[in-house]
Amino acid sequence: MPYVNIKITNEGVTSEQKKQLIEGATNLLRDVLGKNPQTTVVVIDEVETDNWGIGGEQVTDRRKRGQ
Amino acid sequence: MPYVNIKITNEGVTSEQKKQLIEGATNLLRDVLGKNPQTTVVVIDEVETDNWGIGGEQVTDRRKRGQ
Amino acid sequence: MPYVNIKITNEGVTSEQKKQLIEGATNLLRDVLGKNPQTTVVVIDEVETDNWGIGGEQVTDRRKRGQ
Amino acid sequence: MPYVNIKITNEGVTSEQKKQLIEGATNLLRDVLGKNPQTTVVVIDEVETDNWGIGGEQVTDRRKRGQ
Amino acid sequence: MPYVNIKITNEGVTSEQKKQLIEGATNLLRDVLGKNPQTTVVVIDEVETDNWGIGGEQVTDRRKRGQ
Amino acid sequence: MPYVNIKITNEGVTSEQKKQLIEGATNLLRDVLGKNPQTTVVVIDEVETDNWGIGGEQVTDRRKRGQ
């Protein structure tokens, strides 16, 4: 029954990688808390780098500086 | 003043259906808790089937099996 | 498979009212989009009135003025 | 370490405006609570006007009436 | 920089289990997407069983039936 | 109409500080995007330090080391 939301920047994540995130998060809840995988929900949000800020600046600008 | 967030998979939901979700959620809060519809906010997020997991797998894969 | 999050102020909502919100939201998704109630998740967050703002002020202060 | 999520309607917000939202929210947490800007995260979600409801109706319809 | 939110029912999760969820989610993002663990944020929300619904009913009621 | 969610650790934030966060976030949306303060909603979530992770560890542990 757990609900897991993963927010990442939209920078070319593949469908295969999303599959691994979904499997991994579901297994984590099963292994640590014994949660039933059948009712665990995982939602991945891909956020544009212009819309994500850290340290007071857009990730777009950090990427330009190679960070 | 309530805030309702509805997350669904992005599979051809029409504008008319969204209208019904917004009306329905707003009326629900009014009927059950007496909340003023004028300040009830409803936000609908449509999530790609690759980005939604249940039972440890992507909805995309479930749809391929007819689920 | 939908996920519905309802945020309301923490002002004496009863367990029976929460039950009605859960039923109502689940039925809404079934009626409008044909979603399977068995996998619809509803999470209710009750937020202290000091922690909820609208119109630039705390709900606590609005309540004191009878709003 | 704070996490700030700003949800707005998708109506032509520029990259420069997003930059100002990120800076402003980060500075707000620093000024009020002394939070370290380096680990403050801000995520902006732009939501289609069909997917945002207030007063029981879609923002799309409100905009048509000039609201 | 990823942000992970884990919502679970409030049913006696220990501090040690939370530690494992935080480590596990952080490692998952590093392993699958190469994300820097130093800026990965994980927030765990524990939700009362009265406030969590699945299948149109409160988890509290499901627990009473042994589910 | 914007919705702002501020998540911070639960470490003695006063009602007055919450008031300043609500005012500040509401003014930010007005100043940058011309949003009407009357319909701007701000919700503050205070999260236990055991439930917040960064760098793969609980904030509780970081605080013990003076971070």
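To keep things simple, chains are lettered A, B, C, D, E and F as they appear, and every chain counts its residues starting from 1.
Just so it is clear, a contact is a pair of C-beta atoms (placed from the backbone, for glycine too) under 8 Å apart; a residue touches a chain by one contact, two chains touch by 3 or more.
Please read all numbers here as calculations on a predicted model, not as lab measurements.
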Looking at the contacts, which chains touch subunit A and subunit F alike?
B, C, D, E
So if I look at the partners of subunit B and the partners of subunit F, which chains show up in both lists?
C, D
Centroid-based (C-alpha) most distant chain relative to subunit F:
B
More contacting C-beta pairs: E-F or D-E?
E-F
Distance in whole angstrom between the CA centres of subunit B and subunit C is 14
From the mean C-alpha coordinate of subunit A to that of subunit D, what's the distance rounded to whole Å?
20
Subunit A-subunit C separation of Cα centroids, rounded to whole Å:
26
For subunit C, which residues are shared contacts with two or more other chains?
1, 3, 7, 21, 25, 39, 41, 43, 52, 54
Name the graph shape formed by the protein chains and their touching pairs; answer line, ring, star, complete or other.
other
Chains touch in the following pairs A-B, A-C, A-D, A-E, B-C, B-D, B-F, C-E, C-F, D-E, D-F, E-F
Please give the residue numbers of subunit C that touch subunit B in the complex, ascending.
1-9, 13, 17, 20-21, 24-25, 28-29, 31-33, 35, 39, 52, 54, 59
Flag every residue of subunit A that touches subunit B in the complex, lowest number first.
15, 18-19, 21-23, 25-27, 37-46
Contacts from subunit F onto subunit B in the complex sit at residues 1, 3, 39, 41, 43
In the complex, go through subunit E and note every residue touching subunit C.
7, 47, 50-58, 60-61
